[in-house]
Amino acid sequence: MNNMQQEFLEAGTLMLVGMVVVFAFLGLLILFVNLVLAKLAVRFPDPVAPSRAPSNKKNNKKADDGTASPAIVAAISGAVNRYRAQHGQSSASADNSLPQNKN
Amino acid sequence: MESLSKLWLSTGLANFELGQVIMMLVGCGLLYLAIARSFEPLLLLPMGFGAILTNIPVAGLSEVGGLLHYIYYAGIDTGIFPLLIFMGVGAMTDFGALIANPKMLLLGAAAQFGIFATLFGAIALNFIPGIEFTLKDASAIAIIGGADGPTAIFLASKLAPELLGAIAVAAYSYMALVPIIQPPIMRALTTVEERKIEMAQLRHVTKVEKVIFPLGLVLMAILFLPAAAPLVGMFCLGNLMKESGVVDRLSSTAQNELINIVTIFLGLGVGSKLSADAFLNVETLGILALGAVAFSIGTASGVLMAKGMNKFSKAPINPLIGAAGVSAVPMAARVSNKIGLEANPHNFLLMHAMGPNVAGVIGSAVAAGILLALVG
Amino acid sequence: MNNMQQEFLEAGTLMLVGMVVVFAFLGLLILFVNLVLAKLAVRFPDPVAPSRAPSNKKNNKKADDGTASPAIVAAISGAVNRYRAQHGQSSASADNSLPQNKN
Amino acid sequence: MESLSKLWLSTGLANFELGQVIMMLVGCGLLYLAIARSFEPLLLLPMGFGAILTNIPVAGLSEVGGLLHYIYYAGIDTGIFPLLIFMGVGAMTDFGALIANPKMLLLGAAAQFGIFATLFGAIALNFIPGIEFTLKDASAIAIIGGADGPTAIFLASKLAPELLGAIAVAAYSYMALVPIIQPPIMRALTTVEERKIEMAQLRHVTKVEKVIFPLGLVLMAILFLPAAAPLVGMFCLGNLMKESGVVDRLSSTAQNELINIVTIFLGLGVGSKLSADAFLNVETLGILALGAVAFSIGTASGVLMAKGMNKFSKAPINPLIGAAGVSAVPMAARVSNKIGLEANPHNFLLMHAMGPNVAGVIGSAVAAGILLALVG
Amino acid sequence: MNNMQQEFLEAGTLMLVGMVVVFAFLGLLILFVNLVLAKLAVRFPDPVAPSRAPSNKKNNKKADDGTASPAIVAAISGAVNRYRAQHGQSSASADNSLPQNKN
Amino acid sequence: MESLSKLWLSTGLANFELGQVIMMLVGCGLLYLAIARSFEPLLLLPMGFGAILTNIPVAGLSEVGGLLHYIYYAGIDTGIFPLLIFMGVGAMTDFGALIANPKMLLLGAAAQFGIFATLFGAIALNFIPGIEFTLKDASAIAIIGGADGPTAIFLASKLAPELLGAIAVAAYSYMALVPIIQPPIMRALTTVEERKIEMAQLRHVTKVEKVIFPLGLVLMAILFLPAAAPLVGMFCLGNLMKESGVVDRLSSTAQNELINIVTIFLGLGVGSKLSADAFLNVETLGILALGAVAFSIGTASGVLMAKGMNKFSKAPINPLIGAAGVSAVPMAARVSNKIGLEANPHNFLLMHAMGPNVAGVIGSAVAAGILLALVG
């Protein structure tokens, strides 16, 4: 039973130390964000469109040109789908035309 | 005649042991959860299949020379697979919501109480005859409360490889059960008025902030908790690849093909540890019970912490987002959002819950580092 | 020469046993399909469109909405092709916008 | 002066042996078949190039420390590469046609007679001086008749690694030659009237059936033939990933990037076994001859079985689809379709031939399991 | 210092031999191109369009059919982009419909 | 209390050595160059991050059992990663411009003088106390002048693994600095009139030529320089996969997913060699100095060779394209184009400079082979 108590003590200490360290670590991270990043945000603002709410960069890139109505989109997407089903290769060969960086 | 008898002796029918049959049924159960119930299918499907393959008599798929043997020792015993998955997850993670509202990190910290309380509980289970968990075992079990698959597998492979199968099954099952486990706890600990709280829109986060954040995070791991550095480091590498914007092809591969390949192998390798002698014992029952406790405590701690913060914060904080602190990205954040919408149809908490959600990933990696440093 | 005969005997036995087992195995598979799968097919019919002949699932998924004429498809597909050739990146960045499951 | 002589001694010119030159020409021959004739280019191109690289004097690409050495021992000696390819092929395979008409499995079984008859023939070749095939050798050679590349490489790596190069070359060459080898046999064994037979449209197969089929298949392998479990298991895992519909990203990676990467390495690794001493001997001639025999017998058995079944079946069966039972997916099915169209321009056999075609894949994996169990 | 001289001598020899061999090797490659490839080019001309300047094969393949105006292309590409952003999966499932070669 | 002290002893703060801090700053410097300046980010980003990870005290990421240890020994010590990258680069390379104007090969040869002159220079540095380069070291350093990353890493891993980190840093940094290093040299060695020279349009190159070229190239390596066969061979395999047109899925994977995966690992593995004791010494300064010299001499040799050829050639040759002979594809070719446009706005040299550019890749692989044969 003594051994058991010993283990409980160890587990309790671990619990205490663990929670303290977790809070300390993430607390320091708060400081880092508030002190360092906030300053960086002021010194290095994004070049364009700083008013836009944080969101998925890629979706923005795609959604911001053209204003076709949903109906047109639906019609075209049906056609595109059917085209793709017939010419399955096209998407793969488009991959090939990526800019080819030399490593 | 001789051939036929040799062939008979090589059949599964002539060699089956009961344990193998049961473990195959466990594997089928995991496949059922993955396919019919869509419970974390990306990992449970290969894991369930691996459980079936590893228990085939005679075939020896997990013995020297067998495919699962190679996969396990090359990728899981070394820790390589969970680390690569963590890199891919990092490349998929957007810290924007967390940087915009860094106090959310406290919620991610509070939810880790699920881990450390469970550690205590695992030691308490030693009272039950037939269960004898060492501190290392208890630590590996407790990390289930972190609700983070790769972290759990990484820690278990270092501290208690013989429990790896049960721990992984528990971790992924409960992660899939988040929408069932969390809501009653969330409702019990909050008032309707609290659940209705709407939060202020998040500020814009600049590209520079997003690039520097993973570097600062890894720096802190280096300074204060090097034992967490492999996990945190690979996570931050993935995130830096994504946010830097200069290596899009690497980032894309890390979060698509590479993580997919590794996921297949990780699932098979974890499944290969689901052998009868490692899984069919009282300890597994204990692990499953502790896992549920860990999730519940983590959820409750997060919610209570958020309630407390709401009292002292100028900007209102909806306590529901505290539950997202257990990580289980992005499921837990979606649960917060759903319960919030129930109380107030105009209350969209998803983006706000992403903060504690990714904070929970950091929190459980930190907790894993502490356990490795003190117990490993 | 005795050794040779021995080997022939072994090879002959292998041939016999092998073909018997192959037929037995695949025969049992027939039973499995006829008894188990056929019942499952009745108990768990596909949710929609049960009359459709078995064919590639993906093509179905793509072909079943919209009814654009071949001429329109051709016109659009030409435009899409040219667009892709000029903006080779688009297909790669579409990949990035896949729903990002956490593992 | 010393430098120049040292350089000269390090050139290929100063070190070439005749055998190496010949093997390089063999490699060039494989490249020619792959590039100019489109014979199974996905494997023959890297294999031919591997044959050239492995025979470079001095460079030692297949010796300890050389690239091909690592590739061979990590991926082929262990069996990992063929198994991963099998998983990818499983993820590409649609069992719908077979489930709709399961009797087609008998055609896939009959065509395996090509394997076992060839085994007998290989032992008979021992009469020829200079040829001495053990039962293991004979089994590894006979599997060429299965018309399935990964199965042949997997079995050869287990039973007769020293014959692996010749067996792989024969297997892939004859698979590419299916449109030339099969038609005369098919025409000789069928009447025009038989070739004109149109078959009934296949019934609809539900999603549940497609999901359960791979599970039932792997269960049968477990019960009756665990030696076939690695091959059948990985094949079924791939198919389950595809049909379950819940892990599309894993299925897509398995049938695209992963199988492509492994194919490059598999080809190089197999090519590295095309060294002069392993390839330039009477045994290789024997293997090439036996391979042609195996394909022909397999085709004939399939067609004859289909003729017989047509006699006793209510629904008409066109004997041509029996030839597809040798597997060689999807080439053999296309050949059946083409010969059928010659006799009757309205006779589209492709979907009907896919049934025996995929049955042949199962059949040869089963045959490989039997050989492993009895001879290995 | 003697050792030093020895090393210099070796390095000098390496430099000389190295440059000679590099020039010899690449020089022989010139001969190979001029003698072998040039003949092959005459004996095996490209089947079509021999007058086209060497350029990216894939772009050609894509650009040569259809003649939609840039305005139409822009309109459609906007719609396609938006469609893709909403249905991120489509490009991945198109990959699945690639002709599936059996290895 | 004991726990806290154990935890303190496991922190980075308690274990940091000065060298590690400095090397982490070096890693941060590489990240800065990669992200803020876009200097070869595909390799410098993972390399910089690897440098940070490898210098974390206690964590032991580069010791037995650590992730970076496995990556380095599996992929770089064996030479596998640079060879796979070379295969991918081959699959991205178009030899059309070189086949259309094969004399450009002489420019690619001349630029290799940067390598061999630097070798001489490295030995000369032995006069400086604290620097002691063997011939092997000098050869591995000199290859920086080849301006080809994978070649430099491959050679360094064979001849001087302890210098690998510094050599890779120098090679990639100077490759990124090509637009800064080359222009003054190019302007100094040419007159405005020479820079204005327009070159004749390139002839059409047939598909057969493009397919046969890599085969001829590998054949020459086999005959005359087997030591260069691994590099040249894998490069030609990739190019053959691309140009043959029959294995597009393999070619696409080699130049996308496979090269991306390997690039991440290569960067991390090279970064793991940036430890304080291997990097923080006078030799590294020597290597950095020699690297700059090598690039400059290579550029000058190429330009001077082109000037000479222009004197004797019927078709005019713009000396600027000689600078592209150092390889650094496609940066050096773009620099030639840019300087040409400055002198003459109608002078598009890009396609013409691609000839010497890819010739430079061949040239440095040949030079590496010579060094391996004579010094290795």
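Order of writing sets the chain letters: A, B, C, D, E and F. Residues in each chain are counted from 1.
Note that in this section contacts are C-beta pairs under 8 Å (C-beta built on N, C-alpha and C of every residue); 3 or more make two chains touch, one makes a residue touch a chain.
Source: prediction; values computed, not measured.
> Give the label of the chain whose average Cα location is farthest from that of chain D.
A
> Among all chains, whose Cα centre is located farthest from the one for chain F?
C
> With centres defined as the mean C-alpha position, give me the chain D-chain F separation in Å.
41
> I'd like the Å distance between the centres of chain E and chain F, where a centre is the mean of that chain's Cα atoms.
A distance of 19 Å separates the two centres.
> Using mean C-alpha positions as chain centres, tell me how far chain A is from chain C in Å, no decimals.
Averaging C-alpha atoms per chain gives centres 34 Å apart.
> Got the chain C residues that touch at least 2 other chains?
14, 17, 21, 56, 58-59, 62, 76-77, 80-81, 84-85, 90-92, 95-98, 101 - these are the residues of chain C that touch more than one other chain.
> If I count partner chains per residue in chain B, which residues reach a count of at least 2?
3, 7, 42, 224-225, 249, 252, 256-257, 263, 370, 374 - these are the residues of chain B that touch more than one other chain.
> Chain F touches which residues of chain E in the complex?
Listed in rising order, the residues of chain E that touch chain F are 4, 7-8, 10-12, 14-15, 17-19, 21-30, 32-34, 36-37, 40-41, 44-46, 50-54, 56, 98, 101.
> Once bound in the complex, which stretches of chain E touch chain D?
Interface residues on chain E, with respect to chain D: 13-14, 17, 21, 89, 92-93, 95-96, 98, 100-103.
> Which residues of chain D touch chain E in their complex?
Its residues touching chain E are 3-4, 7, 42-43, 85, 88-89, 92, 149-150, 248-249, 251-252, 255-256, 259, 263, 266, 328-331.
> Going by the contact rule at the top, pick out the chain D residues touching chain B in the complex.
Contact set of chain D toward chain B: 78-80, 83, 87, 211, 215, 218, 222-227, 229-230, 233-234, 237, 240-241, 244, 246-247, 249-250, 252-254, 257-258, 370, 373-374.
> What does chain D use to touch chain C in their complex?
It is residues 94, 96-100, 102-103, 105-106, 108-110, 112-113, 115-117, 119-120, 122-124, 126-127, 135, 138-139, 201-209, 212-213, 216-217, 220, 224-225, 249, 351, 359, 362-363, 366-367, 370-371, 374-375 of chain D that touch chain C.
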